[in-house]
Structure formats: C-alpha cells, structure tokens
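All remarks here apply to the structure that follows.
Labels A, B, C, D and E are assigned to the chains in the order they are written; within every chain, residues are numbered from 1.
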Amino acid sequence: MSMKLKALLKSPWVFHLSTGSCNNCDIEILDCLTPRFDIERFGMLLAGSIKHADVLLITGSCNRQSVIRLKRLYEQAPKPCLVVAIGECSLSRGLFMHSYNCPVPLDKIIPVDVYIPGCPPKPEAIIAGVVKLIEKVKKEKVESKK
Amino acid sequence: MAKTIVPIGPYHPLQEEPEFFSLTVEGEKVVDIDVRIGYNHRGIEKLSEMKTFDQSTFVIERICGICSTSHPFAYTRAVEDIISVEVPERAKYIRTIIAEGERIHSHLLWLGLAGHFLGYNTVYMWVWKLREEILDVMEILSGNRNNYAMFKPGGVRRDIKQEDIPDVIKKLDSIIPSLTMIKKAVIDDPVIHARTKGIGVLSKEDAINYAALGPTSRASGVARDVRKDAPYGVYDKIEWNMIVTKNGDVFDKVIVRILEVLEAIKIMKECLLTLPKGEIDLNIKDIPPGEGIGHVEAPRGETFHYVRSDGTNRPVRHKVRAPTFMNLPTFKATVVGETISDATIILAAIDPCYCCTERMAVRNIKGTKLYNGEDLIRLSQEKTEKIKRKMGL
Amino acid sequence: MNLGNELFKFDALANFVGIFITLFSLLIVIYSFGFMRQRKGMFQYYIYIILTLLASLGVVFSNNLILLIVFWGFLGLLLYLLIGFGQKERTPSTAKKAFIIIGGTDALMLLGLAFIWKIAGSLTMDKISIALNTKVAIWTYLCLAAGAFAKAGAMPFHTWVPDTAEDAPTPVTAFLPASLDKLLGIYFLARITLDIFQMNGAMNTLLMGLGSFTIIAAVMMALVQHDLKRLLGYHAVSQVGYMVLGIGTGNPIGIAGGLFHMLNNTIYKSCLFLGGGAVEKRTGTTDLDKLGGFAKIMPVTFVTFLIASLAISGVPPFNGFVSKWMVYQGIIDTSKDGSYLWILWLVAAMFGSALTLASFMKLVHAVFLGQRSKEQKAPSDNRKETSSSMLIPTVTLASLCVIFGVFAYQIPLKLFIFPSLKMTDTVFYGIWSPGLATGLIIVGIVVGIIIYLLGTVAKTRETEIFVGGEIVKEHPEMRLSGTEFYNTIKEMGFLRTIYRLAEKKVFDIYDIGKTITSGFNKVLGTLHNGVLPTYLAWCLLGMIILFFILLR
Amino acid sequence: MIYLFYLIFYGFLLTAIVGLLASWIDRKVTARVQYRVGPPVLQPLIDIVKLLGKETLIPKGASKMTFLGAPLAGLASVILVSTLLWVNNVSSNSTFLGDLIVVIYLLTIPSVSIIMGGFASRNPLASLGASREMKLILGYELPFVLAVFVPVIKSGFSIRLGDILNYQLQNGVIIGSWSGFIAFVVVVMCIQAKLALVPFDIAEAETEIVGGPLIEYSGSGLAVYRLMKNMLLFVLPFFLMILFMGGLRFDGIHLLWGILKYVGLVAIITVIRNTNPRVRIDQAVRFFWGPMTVLASISVIMAFLGL
Amino acid sequence: MRREEVIKDLRERFKEEIIDFFDKSPKRVYIEIKPEAILKVSDYIFKSLSARFNIASGVDTRYHVEILYHFIFEDINLLISLRVKLDKKKLEIDSLIPIFEAANWIEREIHELLGINFKGHPDLRRLLLSDDWPEGIHPLRCDYKEWDEKAIRDRGV
C-alpha cells in the first residue's frame, strides 16, 4: 500500500451532509467530536468545505431539493473520496420511503461505500463504521494487488 | 451599487441541517436577508395521514431528533383531545420527566453549538461533555440516547424503574456544579459580552408581531410559556420559575437558556422524587371522529399539533407547527443592520430546527409494510452491540 | 562662458531623469496607438505629447531658473490641453482644476524666483547656494517647494491628481500625473533641496512630516475608492510621500532612496495605469463594481498589473521594496541627530505600505480576480488579450520592476542614482542584497514545486466553486465586487467623520479656494442688485465714509 | 552557497519538522484543555502527506497560475524568513544590516499569499475571508511595527537582528525590562493574529465563512498552505524569541532553555486560543488600533526613556 | 376578560359572519366564519382581544378546502380556531399579513401544499417544495398522485 493511501486512512477528514434528516444522526456525528468519543484520536476532523473532505458522511432521506445539490457536491469533492451513509434514512429512506418528497434512495444517486444503520446510530457505531470503511479500503487495495 | 449576496448554507458548518440563507451585504453589513428552506422537507404531514394513530407516534418522533419528545407529546395530547380523556397520573409524571430531560439536552446542545459558532470550541466541548451525562440519564430512563419512543396516545409506552431513580438523581446533581461553572465562564467573559450584548435585538413589539415563541420571545420580555399558561403534564403541581429577560439580544437568549436548564433539572428531580404509583397507559382502542389540538412547550417554544380523525384508525389530517416555523422569520427584524459575523450567531440564537420546520408528512399507503421506529432502533442497537463485540469494546 | 552653459547643463541627475522621460514618452506613444485608435483629433494629441516631451526635457536640462519656469508653465498648459481629450462630462472642469492649481503654484514659484534674485543675485542654478537661516530664505524655499509639490501631487496640492486620473484619457494620466510630473516635481525638489538651498533640521522635519502625512492620508482615501483610475490617482499622491520623506531625511541613503523611489514609482505607476487602461479599453468602464474575473481572459495584463501592484506595495523582491527600504534606512539614520520623531515617520511609512497593499489587494480582486460581474458576462465577447501595442509598454515596465528590484544595486543604483548624487557606495551602511534574496526565494519556490510534484498537481480537475452546496448560477448576485471591502474601517469611530468630511471635499485646497472666492462673489453680488437707488445709497455711504476719514 | 545550505537544512527541513511538532503540541494541548485525548504525534505530517495524495481541484474559470502559485509564494517567503532567522542565530555576524525590516516585510507575504489564493478562488466566501485577512493585517501591522522597534531602540538603533541578539547576550534579555515586557505582550497578540488563531481567526472562521480563503483549496495546494502555517507556528515565536528573549543558543544548557522558551510561547498561544471566542473584524481592528497601539506607543516611549 | 365574555363578545359582534359555533371543551372553541370576513375577525381577535396567532392549518376534505386559524388566549387558556371553508372552484382568501407578520410563512406553505391563493400576500414563493417540483401539483390535496416516474418506492434490496 502506498504512503499516500496509508496517510489517507490515518487522517480521514469527514464532511457532513444532511439531505433531509431528523437531525439526530447529524448531532450524533457532532457528538463524535466531543470529549467522550473524540474522533480526533484517529486523526479525523470535521471539515468545513467539501474540498477538504476525504469521507462524506451522508444522513437523511435525500429529498428532492437535496438530491440535485448532492450530485453536484459529489462532483466537487476531491477524489479519492469515500461515502458513508449514516442512519436508516440514508440507507433506504426508512420511514420516508413513501413520502412524495423523497424519490430515490442514496445509493441510486452516488456510490456508497459503507452503510451504518440505526435511528440514529450511536456515536460508537459511527466510529466503528468509519473503521470498517478503512478496513474495506485496505482489503480492496490488497485484492487489487493480487 | 450592485447587489451582493453572501450565501450561508445549505451545507454549512454553522448548521447541522441544510438551509440556505442569502445575506445581501454592503461590505460586512447585512442589509437584507432571505431564506430558502425545503432542503429538509420530507412530507411528514402527508406520511402521518398514511399511518395508524399509534404508528404515527414514531413518525412524529422523527420530525426532529432534538424535539423527539415534544412532538409526540403534542401529538398524543391532540389525540387525547379528540377523545377528551386525561392520562393516568404516573404517565403524566413520566411524560414531564422525559420532556424536561429533552429540554436540558437541547439547551445544552445549543449552548455548545453557540460556543462553536463563536469559535469558542472549549465551551462547545465542555458543554457537550456535560450533555453526555444527560443522554446517559435518558438512556437509563428510556433505553435510548435519542428518539425515546416513550409516548403513545393514552399514556406512555414504558415505565421508569424505581431502582434507577437514585442513580439518575445522583447524575443530575453532579451536573449542577459544572453547569454553574460554565454559566459563570460564559456570563462573565468580556469577549462574549462584546460578541453578544446588544446584538440581534428582537423588540417586544416585533416578538408579538412575529408571534415568536419560547426562549426567543421570553428573552424579549414576552412572558409566555405553555407550561404556565395552559398547564399540561404535572407542571401545575410542581414549583418552578419562568425565566424572562428584557433585552432580546443574543446574550439574553443565552441567559434564558442556561437558567432554564437549571430550572429543568429542578423540575426533573422533583418529578422523580414524587413519582406516584399507578397505571401508565389507558390502552385506547378507538378514536372517535373529531378534531383535536395539542400544544406543549418544546425547548424552542410552543409545538402545536392539530389532528383530525374520521373514525377510522388513521388521521385524516395532521398539522404540525414547530416553534422554529414562527421564530425563524424574526431574522428580518434582528439580522438586518448587523455584520455577517453577527448574523451567524443571531441566526443560531433562535436555536433553529429546520427539520421541525419542514416536517415530514405521515400518511399510510395501503398494503405496504413499513419498519416502524422501534424496529429501527432495535436493529441499530443490535448492530451497535455486534460492532462492539467485534471491536472487543 | 557661453550662453549654452549658462542656460543648460547636463549633469548626471539631469541626464538620468532625461533618459527616463524619453523612455516613458516612447512607451506612451506606443500605447496610444492602441488605446486612442479611432478617436478624433489624434494629430493634435501626438503633437501635444511631443511638445510635452520637449518641454519636460527643457525643464530638466535648463540651468536657468527663468528658463525652467517658462518650460514649467508651458507644461501646465499642455496638461490642460491633454486632459481635454477625455470623454467624460466632467473633463473640462477637471482640466480647469488642474490648470488652476498648477498655475497658482507657478505664481508662487515666480515669487520664489524673485526672492532668489534678491538674495543671491543670480538665477543660474549651479551658482546659487542659499542657507536657510533667514525668514526670506525659508519663504523662498517654501514657494519653490510648493511648485514642486503641486507638480508631483504631494499634499496639500494633490487634489487635481485623483480627478485628473479619473477623467483624463488613460495614456495621458499615465504620461503626466503618473510619470512625467512625478519625475519633474521630485527632480525640482531634489534640485532646490540638494543644490540651491542648504537644508537645516527644521525644514527637513517639515518635509518629512509632510511626506508621512501624504502617505497616510492619500492611501486612506485610496482605500475606499470605487473607481479604478481614481484609486490609482490617490496612490499617485501617496507614493510622493515616500519621495518627499526620503529627500527630507537629508542623509545620502535617504535621498538616494527618495530618488530611486521616484524612478520606481514612475515605472510601476505607469504600468498600473496602462494595465488599467487596457481593462478600460476592453470593457468601457472603470467602475470596480462592474469589473472582475479578468485574470483568465487577460493573463498578460494581469501578471504585469500584479507585479506592479506588489512592487508599489513594497513586497520583496520587486523594486518598490528596495527604494522603500532605503528610505527607511535613511529615516533610522536621522536618529543619529538625536531626534525622536524618526519612529513616527518610520511607522507612518511602514504602515502606509501595509495600507497600500490593502488597497491594491482590493483593486486586483475587483478587476482581475473574483467573479465576473453581470455586465461583463456577455458571452459574445471572445477576444482574449488587448492589442500588442498596448501590451508592449506594460510588459516593458513590469519587467523593469523586476529587474530594478532584483538587480537594484547593479543597474539602477550604480548607473543612475549614485552618480547623480555624486556618492560612492561606501556611504551605505548596510545593503540588502536583493539578488541573493531573490535566489533564495527561487530556491524556496523550487522546494514548493517539489512538494507539488510529490502531490497530484499534474492532473488537476476543474470543479464548480463550493458555496455551501447551493447552485451559483441561479444566484448571479453571489459575488463580491470588492469595492466595499474596507467599509468596516471606513465606519470606524473618528475615521468615519474624516471620511465624511473628505467626501464633502473639505480638505480640497481647490474647493476651499473656490468656496472663498464664491463667498466673496456672493457678498459682492448682493450689492449689485441693479436698483438705481441702492447704488445711489452706496455712493452716498461711500462719500460719507470718505469725508469722515478725510475730515477727521 | 552557505545560505543555500542554511535554507535547505535550517530554513526548510528543521523549521518544517519543528513546526509540525509545534502544531501537534497545539492540537494536543487544545484537546487536553477540552478533556479529549487528541491526535497522535505524527498527525500533522500525516495530514500533509494525505493531502498530497488527494486530487487537486481548481475552481471553474479561475486563473490556475494564481491559484496554484499563491501557496508557493507564501511557502518560499516563510522559508526565506526562517533562513534569515536561523542564520542570525547560528552565526549572528554574517547577516546584512537592515534584515529586521526585511523580515517584517517578508512576514506579511504568507498572509498576502493566502489573500491572493482566496481571491483567485472566485468564491464569494473566500473573497470575504481574504478581505478580512487584509483588514486584520492593517489592524495588527501598526502595533506590531511599533512594538518591534522597542528592541531596536534598546539595542542602540540597530536594525540588524544579529546586533539585537548580541546586545541581549551582553545586557540580558529585552523582555526583562518594562518596556520590553509591554512590547512583548503586544507582539504576542499580533502573532496570534498573524497565525490566524482564535480570537483572531476571523478570516478563516469555519462557522461563518467555511474556512474563508482556503475554502477552494484541496490536495497539493492545501498541503502547501498547511505546511506553511505549521512552519509559521515555528517562525513567528522564533522571531519573538530573537527579538525579546535572547534567541536560541546551541551550547549545552542554553539549548534546553531555548526549547523551553519556545514550548512556553507555543503554550501561551494555545491557551489564548482556547480561552476566547472569536471577535468580529471591526472589534479586532479596533482592538489593535486602540489598546494595542497605545500599549505599543507607551513601550516605545518607555524604551526611549531607558526603562 | 373571562372565557364567557370573550365568547359572548365574539358571538354578538360577528353575528352576521359566524356560520357555525362549536364549543367543544373548556379549552377549545371552533368557530366557522364566512371566508370574506377572515380579515375582520382575526384583526379583532389579534388586536383588540390581543390573542396570539398560533398557526393556520389547511385540510382538503372531499368537498371543500378548509383552513383553520388557531388563536390562543393565554391568560384564560382558551384556544379559538376560526374555520373557513373554501369552494374548490375558487380557492382564494385574503392574506393576514396586514395584521401580523407571523402569517407570512404559513400562507406560503398552504399556498404550495394545498394550492390556495392568498390575496395580498407580498411574495408567494416556494417555501418547502424543491425547485424542480412541477407547478399545479399540491401534495396535500386528496387527489394527489405520484407524478415522478423515476421515483423508486421499494427497498431496492
């Protein structure tokens, strides 16, 4: 594995995108920064601009207004850029599947690497999810080398 | 002169939720402001009309993660208003306890975020550390950190175990000294004074004209609180004070919220200590035709639900009005004339909650089975446990 | 002794100024081919330019003060005529204003000349040497300095410069107020200060005070301007402050710095005006609100403009830094005389430099960077750069900025400045070695480039800007023109009052004069109401007063 | 040639290493203040290496040259400044006269490079942030220049850093005198602003304008900016040490002292950063033009009086 | 003013305008009034009786579109809901903005979700629905049907 990829896994800066959520997942993401969980231990930071982001944490049920912007934002993110869907809403839209304003699930819009279920997932689950993401990337790299 | 718009949002670190503010500026001064919401609209009112009265509670809970008690509270009260029943005494106490717990965690959340917005990350971290304690308390009481799923029309879903109460009270007591310390640190800091005093003043007239609610209006000297005006739960049986200040600036809003947290801890403790024994649920089966209104004081102000039933097991119409819906338009009165830096904190000062404002709609389509909130929570908890085990935590 | 030697002289200072006057005239003529194309009266225009060149050379090389003043006055007239080529409504009144201020100070100079004749009995420059110990001598010096100040545009005679900059055609502004008038004004100031008079401490302090004040006041005005050329015009004023400051130090390095700054200023200021003119030619406006985003369309103009901006802001390694640095050295040297005021001048100069940087950052943003305005978004316009006749001068000047900065010691100082001051480099008590520093900066940049190459800079991707995820195209107003960047400072405490007064032109010597004159007119005018009995009454009153005085 | 050696080894490599370490100290102390654990030691380096591996994005329609060139200019100037400082410390007699002014000028270039980068981004928020940065420069430049001249006055009107160091070697550190101490306080505040840390991180205010000038930077450009900022975290306190605290000496116990001084300065900066909310830009400018300038003037007058 | 007085006052003052009066419970009163009178009645309630405007809610019943304006009298803990029934052919009513600003957003919301035109509203822009939502489709109407063919309504697993 190259140095740069190793570094990416050791300092994933996350950007948080809410596409019509109930706020709980978003707050749990913020919670991850706070003393009890402190994701800065793993080198994770919450980035303000999407151009600094390595990992997009996406919450919410992808409503119509967000979907248009979400696609554009994904374009704007520098690659390699990983996507994590957080919470039931972004997995399958959960309760909101039949809402007139939530037409498509997230993975039909942009490719998703890791799903973290829960409503809302606990901060531990979010951290574990991001750790899984790292493992997944590592594995993919190893496999592609074979 | 050319019009210049500075965008704030939709995906802005200022807000967890997406909203788009366009500030028309001259230099750093804001001369006009407009907002485009709708990034969070999920059509909950419609969805609620697709579900049974009981299922609706879960959808209503997911209107907003922070107000996940106020909305079901107001909704259940609206349904009970249709039937014209009173819930059992113990259920009332439990409801009050959960509602106040939510108030504490919501206000602490806001206080931390306000510190974050001002670049005072130390306050943010300290307050959120404190907030974790409250979440622990809520986890002990309801089993969940958020989305407590405690409410149902006619009562509460789960009981509070008697053996948990001493623990909870100890935890609540342990919060007070740290909170007092933070209160002092915030109230006495000269830089915070410089940043918040006299900023974003909402006059009393404006507060009435915009029908502002909750701490926003109480900071402007409008002494309105549903808990006092139209007592529900056990607020009429317990001694507590309404916090009102006069100036209506950001600083007063901070003060109101901090003091309300202390009040809420007081109420919660008293409720826990005087919790009566008895039933917790009426087991309501049928809802007669009619319409009902329920309104409660959420952390951000009055939450208002209107439910109409036609005798079937689904609501015909369910109208949700969150406090932010009324508070947010006040920015026209508060932001104009201030600088961009101030605009952000003023916008934050009403503690906006857009997911409430934009409600998801709740309505059932026949023949489809949906997961309800409890399922989701169960799934997530199992998942978390699995992950925990795997990680060896 | 022949008449030629009596009337003209060709010493190093005059030669050096003469060379650059010729160079600038050449560049301006080349530029005008492009800029003034398809305008009327171009024949006269070029005639005036050539006459200006000749008159300027006359000023520089004349050894006789009378001859000098004749050329000097002639220049004023030519300035008036050249401003008249502007196409704005206000142009005539601007031309009048410039003419009156310069003409007025010319009169002061004549007065000074008369004094000199009285004191020294000669008007041949290299024969006069007056000590500033009598009142008359001081007044003489002040009268002559006023002329130099008005020409160069130092405070308090500066007010014609910004107006001219805004209303005159750009080549004219670049030609006269920005380059020739600076050269001539400071040349004359250097002449009277160095050769004709022997300065004393008090006069030096006055000069330095005026210089510092000019720097700060003018640049503060420049900070809040909305018009490209007017902003540059205020800088044309503020830079004079450094030259006056340098000459006022009275020690060799300071004077050398002042003269070098004069040269540098003309280079980058003309470059700025010409670059601004290129933008004006292309867009038809100089309103900063309506410009923006030209860096991609006019890259060459942008680079030259940027170099000149950094040079004027005194960013190393460009030429502006070297001369400013010499001026600073000169100021610190004055501490040897036991003066404590030097720190005031030094701080003013250094802070002025920061303010200059600020206003140029604003300018560069408003014109070349940032987003394009609605007015300039017309898709039909696919032209790239401006014509080559407009590019040659700017590129030449910009490269001069770099060369004179990097090889400051080897080329301009050694060839022009030191000989004209008759000093050797041993006078220097410490020299910044720009060549070495540039080398090190280049190495630093190479280090940066190596870091870049380690990264992925080779394959870049263009994306939309991130404004929080909103779609920018739907909000064309979502751009900052930059004109209001410094409103915060403008609205700060006492500055607000000063700015407000300045907007009312309270500090404009021309307007003060106008107010006084028109006030007199008004008073006198009310007396003439055309009614016969009133006049009779006045007559009677006058007679009574006369009788009273006479018969008392 | 000796300069080239200094530049590569001291100016760039050593500064970068110490700067990255200092950045880690800053983050770690911040985390400890906030009851957190904080990042591992190599985190700042890892961040930069990671950024180098990321894609470099350029905003549509922006001038690529300016956008990518601005970080380089900033980095180069920081390297140059740090070289000058090191040369002064290592062999204090081999520098040229007037290098203090050169250093003061060069120290504004990193900010200017950030401003240019922000302007070149074509982003309204970046423009706003860059304009704030410029206003901040205007604000702190006045007291900074005034306060920096206190050591100059004290050391007998020499504007050579080496002379100031030698003076302190013989007569004790400048911070030991009253005027020196006041000037030191002023310069610390100015350095806080130069480093764009709270309470003066107005230009990059995350929660207002999303990182301001750096909003559009990604990949290599951001890496260079971050490296530059980390190096500044060494260069500026080091400059302060030379002016007020006798610089860094390499003989035995003095080296330890020097390191302690440096760590102490970084700690002061971190503590200021963690105990204040961000101020508004007009408040910041007012703060610098008001109290700070007055303090700096007082220290200058006191220095003239020999206090 | 006590509860009875308020009710009596309203009943007498607006005899003409009141169609139906329903005294549901001590805290809830529903008054149906003519649509034309909404400005007059709410002006009196808000300004003279100084009640607080809670919210308006629209309901699409099969025959009419109803709008309920909820006012709360906080001192006496009474919630009065003014009900207006609008004919489906002519969905128009006066805007309440001249009386209080608070009606601004809710009218915009009802306008887009139910398609009611508020006369005199200064800007009836979109509030909640997305930019690409088609004109003339109102999700809270009874006859609302899925219009987006691309929408996926299953779990997709």
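Basically, a contact is a pair of C-beta atoms (placed from the backbone, for glycine too) under 8 Å apart; a residue touches a chain by one contact, two chains touch by 3 or more.
Keep in mind it's a predicted model, so treat the numbers as computed, not measured.
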item	value
Starting at subunit D, fewest touch steps before arriving at subunit E	2
Co-neighbours of subunit C and subunit A - touch as defined	B, D
Given subunit C and subunit D, the chains that contact each of them	A, B
Chain located farthest away, centre of subunit E as origin (C-alpha)	C
Chain whose averaged C-alpha position falls nearest the assembly-wide average	D
Pair exhibiting more inter-chain C-beta contacts, B-D or A-E	B-D
Furthest chain, CA centroid comparison against subunit A	C
Rounded Å distance between subunit A and subunit D, as computed from the means of their C-alpha atoms	35
Whole-Å gap separating subunit B and subunit E, where each centre is the average of the chain's CA atoms	24
Length of the line joining the C-alpha centres of subunit B and subunit C, rounded to whole Å	62
Residues within subunit D bordering two or more other chains	34-36, 52-57, 124-125, 128, 206-207, 210, 215-216, 219, 281-282
Numbers and ranges of subunit B residues touching at least 2 other chains	4-7, 10-13, 18, 28, 38, 41, 43, 46, 125, 129, 339, 358, 361
Touching two or more other chains - residue numbers and ranges from subunit C	463-464, 466-470, 478-480, 485-486, 488
Chains grouped in pairs wherever the two touch, ordered by label	A-B, A-C, A-D, A-E, B-C, B-D, B-E, C-D
Sites on subunit B touched by subunit C in the complex	1-12, 18, 20, 22, 24-29, 339
Touching residues (chain side subunit C, partner subunit A) in the complex	463-464, 466, 469-471
Subunit A-facing residues of subunit D, complex	27, 31, 34-40, 43, 46-47, 49-50, 52-57, 206-207, 210-211, 214-219, 222
For the subunit D and subunit B complex, residues of the former touching the latter	30, 33-36, 124-125, 128, 198-199, 201-202, 205-210, 274-283
Touching residues (chain side subunit C, partner subunit D) in the complex	293, 295-296, 299, 302, 306, 314-316, 321, 325, 328-329, 332, 335-336, 340, 343, 346-347, 350-351, 353-355, 357-358, 361-362, 364-365, 368-372, 429-433, 436-437, 440-445, 447-449, 451-452, 454-457, 459-468, 478-480, 482, 485-486, 488-489, 491-493
